[in-house]
Amino acid sequence: MSKKKFARESATIMTEMVLPNDTNTLNNLMGGRLMHWLDVVAAIAAQKHSNRIVVTASADSISFKQPIALGNVVTLTAKVTRAFNSSMEVFIEVTAEDIPANKKTTTHRAFFTFVAVDQNGKPIEVPEVVPETEEEIELFEGALRRRQLRLVLAKRMKPEEAVELKSIFNLDVDK
Amino acid sequence: MSKKKFARESATIMTEMVLPNDTNTLNNLMGGRLMHWLDVVAAIAAQKHSNRIVVTASADSISFKQPIALGNVVTLTAKVTRAFNSSMEVFIEVTAEDIPANKKTTTHRAFFTFVAVDQNGKPIEVPEVVPETEEEIELFEGALRRRQLRLVLAKRMKPEEAVELKSIFNLDVDK
Amino acid sequence: MSKKKFARESATIMTEMVLPNDTNTLNNLMGGRLMHWLDVVAAIAAQKHSNRIVVTASADSISFKQPIALGNVVTLTAKVTRAFNSSMEVFIEVTAEDIPANKKTTTHRAFFTFVAVDQNGKPIEVPEVVPETEEEIELFEGALRRRQLRLVLAKRMKPEEAVELKSIFNLDVDK
Amino acid sequence: MSKKKFARESATIMTEMVLPNDTNTLNNLMGGRLMHWLDVVAAIAAQKHSNRIVVTASADSISFKQPIALGNVVTLTAKVTRAFNSSMEVFIEVTAEDIPANKKTTTHRAFFTFVAVDQNGKPIEVPEVVPETEEEIELFEGALRRRQLRLVLAKRMKPEEAVELKSIFNLDVDK
Amino acid sequence: MSKKKFARESATIMTEMVLPNDTNTLNNLMGGRLMHWLDVVAAIAAQKHSNRIVVTASADSISFKQPIALGNVVTLTAKVTRAFNSSMEVFIEVTAEDIPANKKTTTHRAFFTFVAVDQNGKPIEVPEVVPETEEEIELFEGALRRRQLRLVLAKRMKPEEAVELKSIFNLDVDK
Amino acid sequence: MSKKKFARESATIMTEMVLPNDTNTLNNLMGGRLMHWLDVVAAIAAQKHSNRIVVTASADSISFKQPIALGNVVTLTAKVTRAFNSSMEVFIEVTAEDIPANKKTTTHRAFFTFVAVDQNGKPIEVPEVVPETEEEIELFEGALRRRQLRLVLAKRMKPEEAVELKSIFNLDVDK
């Protein structure tokens, strides 16, 4: 992993309009449709960072608090936060706008991970991420903790080994 | 929440064929497409349990280990595991079949939560879930723990109050 | 055709939600959209029975008596009824549910036939169907009659040779 | 049914290109997709004849002998053949062209019926059809026989009453 | 370019129904959706003329004066007007019908150009167009002028060389 | 038109991946699909400038020189250049990236115009555009010339009145 790239080099913006077929009975965007968009924009960001074919490795838990209405314009902004060998964590921020009403809300903040692969689907190393802004640095640092949580939840790491993770739970197990 | 319904009454099966537009460059199903299907089948299960309009409240983290190929038949089986006032947890199991090759694999086990709402989008109470089989009982019992994890991750519950959650992390903070 | 398979081994359930683009001016499901779904679910059932690529050979006549409304959940259940060398008849039952209104109706009973083919599109023999339940046995027996009707309608069999068919028309031409 | 209209006034031509998502594993058009197109073009022809909202009443049996390949141009030509109070029979002819290969084949001849309805979905009378060409006259005359077959198959007419139908089966039951 | 074909041999008719997902907030057809249809029908006409794979070379400017409403039937009629070596100009006329209201309007007249290519995407000569009707002759003659306008606008021809074009602007630069 | 807004306030970025159904026989993006995307991104930019419902008024001529391949990532960047009462001109720049090959090309520069309307579809005045960067100023100034060309081509302005337009053609008709 000798090569390095700035976080901003992977920045990807996707804009979608909520159409009738994307909505439920209450005329609000269906959650699954949004997850589809999240996956697409995040995959493109991971492609830009790695210049490779990428496959989705995981999606972190996501909650849907605010409904997004039919006709709203949804903007998804994705950026790679940190790389671990062949895998990359991508942060996506979602805003929804009711443009005629001049209302814009940040509705979601989500994390997906991707693995860069070669033509045969074999994992392949990617460049390191160099964060620059304060937000990028914070996301870079938090990536380790979120990764441990993913591994613990997937039962691929023992909780007591998840040193970074403890801060989430404010636990000091050593005491 | 006087009314009760059996878990099996919400059972919903969805079958999808992986078409060209659902796949990435390696001809495998895109993660976002699968998440879309998960949301739809789980929403229908939640509707069946509550006989109400439902909106997605959250999707738990999900990992994508096995690629699902173009032409595969994907079967998604969803069932409500437990209800909490107006919200329901739904468990979805995904299998992918390469039918000509006679190969069938369970590829995913996912959890989504939904809220039952009235015509104005206001939350409304749903029946309790009565689990019958061993798997349904296990899912019913685990629902409490998964709910605490969701609340902690969403920063709506303090980790030290998440009594049920501790078992996931094998932590005994009282010691 | 030495191999045999149970009818139930091909059982396939597909669940669809009626979305805006599936409906006509009266907000009811368009007939052509339903036929598309029938073909997909029946093709998967035929694939499961034969473990082969299958191509649609015919769709029997179908009538649309009850409108299925926007937002309804449509469940299509398909099962192979009988095999004839390389061809299979599939029976599909369709139910439509207005879940918030707690109304469920069986709206259609349809028959499609499929041919199993190899990679070059050449027909290839499939296992025999072993019916078990009363309904499966009835469908198995009726398959011969429906097959003759298809052949007569396609002008590939002379009506006087369609011995089984006569029962449909209550005709006793020998008298 | 005082008003009359010529058959040709309902003539509707639809052209579709076979795209990847319309095809099966052998890269041929899926039967269900074609049925969807048949329904749409026939519905428009029925609308043109009746100047009303129309709903699909039935699709006659259809067989799929020739595969239609990816990239082919499919032309569907529909025309109302005859009206019966509020219902109309529509004849659709399908041709498939591999244009670079300069090959054009008539692949299907299908019949659908539609009912004209008012805004509340109540059936409403439509104009009579006036056939002009030899083919239109033949289709007009055959419509009665096909209608009896539909009624017999739907068990809404006794076979012995289906006077016109007998000619299909070359049966002379009176003997 | 020894071979010749009549303009009418390329005539292609496409019929589309305006569905919910095709419309904007005012329930009118989105301009981009119509342009997509124009491209498809014109490409098929160019294919028919050349019996070749064709790629879109340009779309002339188009204005959208009349809204086309949800539920309208849109008919697009395309015909090759003239060929220039490997390129073809296609004229498309669009009518929109509100069938229940018995209103039909010609909404657009558009021009697209296509290039015929071989399997490697290399341009390849196409037959000359033989116009027959008065309209075809007029379109054939105007094609030269429109071609010069395209070249001038694309800065591939100097305005003073665009002899034919001058008539559009009623300019007599020689004076 | 008392209110003013900066050009950058309407900036909209849309990212699309070229999927199988978007491509022609040569596996390149179909022109009509791109025009559809252009219309959507430009409409959103016009909405952002006007905070109104907008309808497409016209699309300027566009040429397709470089093929965009299956799997490419297409980025469309739109910005309002200038407003004329209720109408707005939008400039869109399109880049296509083959990310694994690390190749990025600007493939198109297009202009669309939109009209802001109220709920009844009646045109309504929009804010003036304030250009800031050199490119924005150049686009602002060229807008007048392009507008005259549109009016002349639509035969709504006499060429001799199109003072600004003359510069395109390098014509000095006064001599």
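When the chains are written out, they are named A, B, C, D, E and F in that same order, and each has its own residue count from 1.
Basically, a contact is a pair of C-beta atoms (placed from the backbone, for glycine too) under 8 Å apart; a residue touches a chain by one contact, two chains touch by 3 or more.
These figures come from a predicted structure and were not determined experimentally.
Each step here moves to a touching chain, and the least such steps from chain B to chain C number 1.
Common neighbours of chain A and chain F, listed by label, are B, E.
Each step here moves to a touching chain, and the least such steps from chain C to chain D number 1. Of all the chains, the one whose CA centre sits at the greatest distance from that of chain E is B. For the pair chain D and chain E, the fraction of shared interface numbers is greater than half, so the two copies use mostly the same residues to meet.
Separation between the centroids of chain B and chain E, computed from CA atoms only, is 50 Å.
Per-chain CA centroids place chain C at a distance of 44 Å from chain E.
Centre-to-centre, using mean CA coordinates, chain E is 20 Å away from chain F. Residue positions of chain F touching 2 or more other chains, listed in rising order: 20-21, 25, 40, 53.
Pairwise, the chains that make contact are A-B, A-C, A-E, A-F, B-C, B-D, B-F, C-D, C-E, D-E, D-F, E-F. Contact residues on chain B toward chain F in their complex (touch as defined above): 20-21, 23, 25. Partner chain D is touched in their complex by these residues of chain B: 19-21, 71.
Contact residues of chain D toward chain E in the complex are 12-15, 17, 40-41, 44, 47-48, 51-53, 73, 97, 99-100, 102.
Every residue of chain A that touches chain B in the complex is listed here, in rising order: 24-26, 28, 30-33, 35-40, 43, 53, 55-64, 67, 112, 117, 119, 121, 150, 152-154, 158-160, 168-171, 173.
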